[in-house]
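First chain written, first letter: the chains are A, B, C, D and E, and each begins at residue 1.
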Amino acid sequence: MITRFLIQGMDKRGLVFLCLIAAIAVLVPLANLLLPPGSLFHVPTSTMSLWGKYLCYALLAISLDLVWGYCGILSLGHGAFFALGGYAMGMYLMRQIGSRGTYGNPILPDFMVFLNWSELPWYWYGFSSFPFAMLMVLAVPGLLAFVFGWFAFRSRVTGVYLSIITQALTYALLLAFFRNDMGFGGNNGLTDFKDILGFNVQAQTTRAALFAMTCIMLIAGFLIARGIVVSKLGKVVIAIRDAESRTRFLGYRVDRFKLFVFTVSACMAGVAGALYVPQVGIINPSEFAPANSIETVIWVAVGGRGTLVGAALGAVVVNYAKTVFTSGFMAPYWLFALGALFVLVTLFMPKGILGTAQDWWSKRRKPEPVATAEPAPAE
Amino acid sequence: MTRLLRMIALILAVALSAGAARAQSADEAFTRLGADSFSDTNRAIELLIAGAHPQAAVIIEALAEGRLLAGGGAVVVKTKDGKLLDARTGAALASEPPGLNPVRLNNGVRRNIQAALGGLGLLNPDTAKRIAAAEAVFKSRDVSLLPVIETAISRETDTRAKAALRQAQAAILIAKTDAPPFDRLAAVDVLRERGDQDALATLRSLPGDASPALKDAQARAVADIEGKLALWRTVQNLWYGLSLGSVLLLAAIGLAITFGVMGVINMAHGEMVMLGAYTTFIVQEVIRARFPGLFDYSLAIALPLAFLVAGLVGIAIERGVIRFLYGRPLETLLATWGISLILQQAVRTAFGPTNREVGAPNFMSGAFELGGLAITWNRLWIIVFAALVFAALLAILKLTPIGLQMRAVTQNRRMASAMGIRTGRVDALTFGLGSGVAGLAGVALSQIDNVSPNLGQSYIIDSFMVVVFGGVGNLWGTLVGALTLGIANKLLEPYAGAVLGKIALLVFIILFIQKRPRGLFALKGRAVEA
Amino acid sequence: MSTALMSTSTPTLTSSLLYLDGVSVSFDGFKAIRGLSLVIAPGEMRAIIGPNGAGKTTMMDIITGKTRPDAGTVMFGGSVDLTRLDEAAIANLGIGRKFQKPTVFDFHTIEDNILLALKSKRTVRRTLFWKTANADQKRIDHILGVIKLGDARARLAGSLSHGQKQWLEIGMLLAQDPKLLLVDEPAAGMTDGETAETAVLLKEIARDHSVIVVEHDMGFIRELGVKVTVLHEGSVLAEGPLDQVSANERVVEVYLGR
Amino acid sequence: AAQETIKVGILHSLSGTMAISETTLKDVMLMLIEEQNKKGGVLGKKLEAVVVDPASNWPLFAEKARELIAKDKVSAVFGCWTSVSRKSVLPVFKELNSVLFYPVQYEGEESERNVFYTGAAPNQQAIPAVDYLAKEEKVQRWVLAGTDYVYPRTTNKILEAYLKSKGVPAEDIMINYTPFGHSDWQTIVSDIKKFGSAGKKTAVVSTINGDANVPFYKELGNQGIKATDIPVVAFSVGEEELAGIDTKPLLGHLAAWNYFQSVKTPENEAFIKQWKAYKKSDKAVTNDPMEAHVIGFAMWVKAVEKAKSTDPDKVIDALPGIEAPNLTGGISKMLPNHHITKPVLIGEIKADGQFDVVSKTGLVAGDAWSKELDGSKDLVGDWVEKKCGNFNVKTGKCGGA
Amino acid sequence: MLSVDAIDLHYGAAQALRRVSVAAEIGKVTCVMGRNGVGKTTLMRAIVGHQAISSGRISFSGEDISKLRSEDRARAGIAYVPQGREVFPLLSVKENLETGYAPLKRRDRYVPDELFDLFPVLKSMLGRRGGDLSGGQQQQLAIARALVTRPKLLVLDEPTEGIQPSVIKDIGRAIDYLRQKGDMAIVLVEQYFDFARDLADTMFVMDRGEVVLSGQMKDLDANQVQRLIQV
């Protein structure tokens, strides 16, 4: 049943995407590890970790597309789930440092030592165990999304109201995590990681493995998201997006459907965050910044809302553009370029890169009447 | 005038130099003034006063204003109109001696000067100065000034000045263990009457050896004042809340138009506010450079200009981008985010990344007391201004044909055009109005916040919260939302601290929206779903 | 009230499928429904007519849980209090509705619109692992045939004309296979021929379902040939066979016109 | 000719919230490099600046650092402002073994092999400032107001311990934290006013960061708190921040730094002239972190010349002991703990937005590890003898690793 | 007055109108009939300017208006009562009516009393929001709103849909009254044959995007028309 669920109605686009990521997952680490640095096909470690980061963002974008593109929930707080997953992973990595921290305290992380904490807060317990930490990577964002969604969807908070309270959520978490008293390292966050599962996080092989893992998770996330959207549940969810109350009159418990999708999506975002942290080496409260979540929305819009593959594409394109623009002669003016990119995409590619390409493609093949109506706006 | 000052100095000399050696030579004072050391300068002031130097008042005043120059053994007073006088003699100098530098001040020296001038001021003919001087003594509680105060009280005719002097006297007496018990009891009453934070502090400083009766009186007075102060503190917090609310209102009200009425998720709203603030900066720059006399009117001049600048930029954005996006509100988020990045960077490129100085005109500087309430003028004006903007906007939207057309267009653009409404123009005007109002907010915010390229970013989230909390599309909701959030924030802050207070407020918003999923002033009924 | 032809049989709760008694609702002080009582027996088809603004749609809103009444009883199947349930629960009890203004899922194909309405378990798990069985597909095809949109099955519903959407709504109602159908102005925007067809269709449905139809088209009502309730200003003005009510002075005055 | 250059990375935010502070540091580095090239470069090669914009985004800092080192192959990087940006690039510098010069005052508690700290450690700023206030202003009551992040937290911890050790009772210390970018200071300023009216002389020690300062000072001015009543000494407010405020009401409030533009030394005057010419603006101001870069850059040049190589290992070994003139008339020296010696200056705000130096100490050696904190009082950083950043003198062992 | 000459119209790639020609005269009621989805509404949209035509020509009072924007057509005197009413949901009834002031001169900006004679319900509901009205009330509001602009051409798309019989008669009388007044042309889309037959002077019958039958009502064979609009 599960496999059927995962591969049902796979289309060409999805297949291409899957093959591509699978190929990257195998080839890039190999090219990094086996080929000599001089070789034409050698992938430098820095490039690999950069792309590892992009792919984490891609997973985050897919998770957002699932709720926004298909269910119409414009979450302006998805960064929070990403960051929570990241913190769960960060806590594990912190505990792995053991007594190798600067103060040599076997239990307390450095930031606690120099702020005179005497014992480990209870919520840090258990994070020295990898399975527990991984469970938390899923459970913490998932639970938060569940509780938050349970209230919000039951109260029928929709549209911008929902968007803004998700923003309030991430903003509140931002402020809370900034507080040093919370015990998560305040502004500096968690950093200076040493090992993951006994392997040095900095080591080239570990990086390669993390990269491959990111690809695998991206594939898994994509398959799950796809499985959901092509199933009948996916149709219900789209119906909810376009005419929520009508769906209710058909007997669907709209709140449960939304809650399900929202929670799954939050878990996916959490996994993305967890993979992100060991690759960039730091997790800090600025990941909770509302602007980050808005940016995630923008990746999805750029790539093409409601297309999954497009969301991933958007994340990679925008972040790649950022990487390119922030170096070289463009550096002082890169915001012009990025801003212009956003404006131009909206004006000339209203359905995002993928949506526009798809239209163009289908127009060339078989003309089909297109509805001019738009999905019910979120006000 | 000079004779009067000399006389005061004499009286002071008697008062201050009880134990000091009288026969210090004035020379030492002048040497010390040239030594470029704060402790020497302090000592020199003491010496000048103790020695009742005829030029003391002039020198000290010059020192306070940075007009006292010293160097190469000479000490020179520069008069306000730029003439040079020999400090010792007061004689005019023909040429400037070489190597002169202003005698430097630090807070210690400044305090000494203040005390000296304060002592000098107790008998100043200007009532305001006398009151200020009495206040200074109240704070310093300098026992040695008691006789001067008493002389002053006996001569005083102005009731307010007399009260101030009495309070100063009381402050000294409280701590003076050898004063007659009856006088000290009376002093407690005077302080109780005064009833502010300073009185409380003074009362608390009652020495431990006081008589039981005195202690009892003091305890009652303290309790009395504390009760009163607690009440005032609540009022004060409400006032702060009102003031924060008005700032939020100003920041959000433009958004209530572009987002609330038009449905454009306008992420560039903050940048419109920023443009308003920068317009103020430019206006002030021009005024500083060309028409310094107009400085007090700079904000009045900036207001229409900021409205125009932000409004025109808004219209340009609407015509250039937004108009292609109607019916696709989510895309407006993407485009306006892009625009906001561009505007930020444009301002950064044009004006540099650092803060720009926007000064406060005189009528907006300082504070006044209203009962136990300290009210700063700038906050008061901002509240008034916010109220005016709100009323004007409400009138435009509800009472004018263009307001009606704005609402019609945003509810059903196609049908509005079929009614003959020029939708394009209305859209541009509406967006321009919202942006222009944001520009106005920028003028006000430049008075209390940074004028930097990041200005807008710091308000955008709060603005959205306010509009949504109040209920999208309802101007009254925005008003009540802003005030509620402002006041709640300020009432929470003393207990929870700024950070936790803000978190609590955000959680409150989240919970509140569960109760009222369409904001405070939610529209209800069929019409909304249609 | 004039000499209204009140229903003679006293309504009984247990024998009825739908039972409304003393229902009132007001909006901002305006009383849209006042003391409305209505009983539908199992298997009954009832036509409801009445002036614009009489409260017909509002009554359906109350039954389907969209609007909560200020006062009164609304019972279904003799024991279920509808005022305590939400829309989805009421729909799952077997009450289906066609809206006055056709509302379909614009971004789904016509076929998917029907599929979504198709009677089935509405839980998250069931829909997630749903597989369209042969029987289901047959039923969808059948319904598409009935509403004459079989050729257009793959088109997005958003691109349909007004009248086609009306048909699609009827199709969705059929797919739901509810115990009670609430049909708000099914013939609006249809040609005379289609109106007649709709009447035939409804009569067929009414053989094993209870139906409440609201319509302003007297020809159509006559075609149905069932008991008619006339609403006026939120309460029942008259009830009985069409000929009887249309002879009623008040009904002519407020509704039919001369 | 491409091989003939030595590349120097500049890692300062040019956009986002930190651009306000960091952009000038980029400019000053470009100027220094240009100047050095006029003098013939280093080791006979020209220097080439590589500028990137990490956009006030911490993960981007790490990414850009990696790019500079791995892709552009820079010999050294000058950059970062906030602690967290430093923390986020640290692993990269360690992994790829390169050199970072960090020019900003910070909370200490760090000594890394690959990082050279040219800004002040807490003992080079906070403690002398408090000493000054206690001695010169006779302050007895203290408000420690800061933005809620690591630098203020640590600094305040250190100060609290220090003040208590000097006999200040707990009720005379008020500690207050506000979020980043806090803009409504009404309540806090009135609290400070209240705290200060208890009869004892009160001062505020401000570790308020960045943008929040302007509204804070504006509110102080409006509520009429004068420096003669309650002086404020700030550790993060320099000439640049003051450029955005009307300073008249702030006359006499203080700042503690290792450099002020108003210091009258020939070195400084030359530097200011050069800077104004470079910026083509007579209003251009200089500040402390700029001086730190000047010192750091000079030290790096000397070290490279001493090592006759830009190889990071050689440069790192060569740096301790290197001396370079600072702009306030002394010679700063790189210490084995990778911090430098600096004088501490206390300045009062003048009406023109400059500072009047009211106190100056001799050269103070930067402590990587604070003596006031329990966790770190036994630690020393010594990369010359012990080859260790956190050597515990009690146990005789090197921590970590 | 109005003449539509051989227009084509496409929705995306699908053609909705094929060489449709229709004409309407002042003081006359021109009726368009046809089954569901044959393009009646589309034709009306083309006339009021909500949908761009791909070829052909629409002229009004002798001028080519095919390229004009919808608001300019309204200003030229075309008023529209759309299918589905499209009243402004959040504006009060009064404000809904006042939106019709836009093309008027200042002195004409009032709601003529005769409107309230035609639709008395509206008078009692001036303060209620348009979206709260019942379907039939909204329909009446939509017609009244169109008349506020004092149009020269009134385009009505299925105005009787969802209206109670007595009001249908009223609307019929109103249309008749407007025709009698002789200062406007009326284009009426209708499905309800009896109603159309009573009112129409000229009749156009459409099928699949084309006009398949047209002529003076009195010349047409009612059975033929009915056959065309049957299934």
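Everything below uses one rule, namely that a residue touches a chain if its C-beta (ideal position, glycine included) is under 8 Å from a C-beta of that chain, and two chains touch if they have at least 3 such contacts.
Keep in mind it's a predicted model, so treat the numbers as computed, not measured.
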item: Farthest-lying chain, centroid of Cα atoms versus that of subunit A; value: E
item: Pair sharing more residue contacts (C-beta pairs) when B-D is set against B-E; value: B-D
item: For subunit D paired with subunit E, centre-to-centre distance based on mean C-alpha positions, whole Å; value: 75
item: Approximate Å spacing (C-alpha centroids) for the pair subunit C, subunit E; value: 29
item: Centroid distance [mean C-alpha coordinates] between subunit C and subunit A, Å; value: 45
item: Multi-chain contact residues (two or more partners), subunit C; value: 27, 159
item: Shared-contact residues (touching 2 or more other chains) in subunit A; value: 175, 178-179, 245, 332, 335, 369-370, 372
item: Subunit D, residues touching no fewer than two other chains; value: 14-15, 148, 177, 179
item: Subunit B-touching residues of subunit A, taken from the complex the two chains share; value: 74, 148, 151-152, 155-158, 160-161, 164-165, 167-169, 171-172, 175-176, 178-179, 245, 290-291, 294, 297-298, 301-302, 305, 332-333, 335-336, 338-343, 345-347, 350, 374, 377-379
item: Residue ranges of subunit E touching subunit B (in the complex, touch as defined); value: 48-50, 69-71, 74-75, 79-80, 82, 86, 88-91, 95, 98-103, 129-132, 145, 149
item: In the complex with subunit D, residue positions of subunit B that touch it; value: 38, 104-108, 110-111, 114, 197-198, 201-202, 204-205, 236-237, 240, 243-244, 247, 344-345, 348, 352-360, 365-367, 374, 376-379, 447-454, 457-458, 489-490, 493-494, 497-499, 502
item: Subunit C - residues contacting subunit A, complex; value: 64, 66, 86-88, 91-92, 96-97, 99, 103-108, 112, 115-117, 122-124, 127-130, 132, 155-159, 172, 176
item: Complex contacts: residues of subunit A adjacent to subunit C; value: 1, 5, 228, 231-233, 235-236, 238-239, 241-243, 245-254, 256-257, 260, 369-373, 375
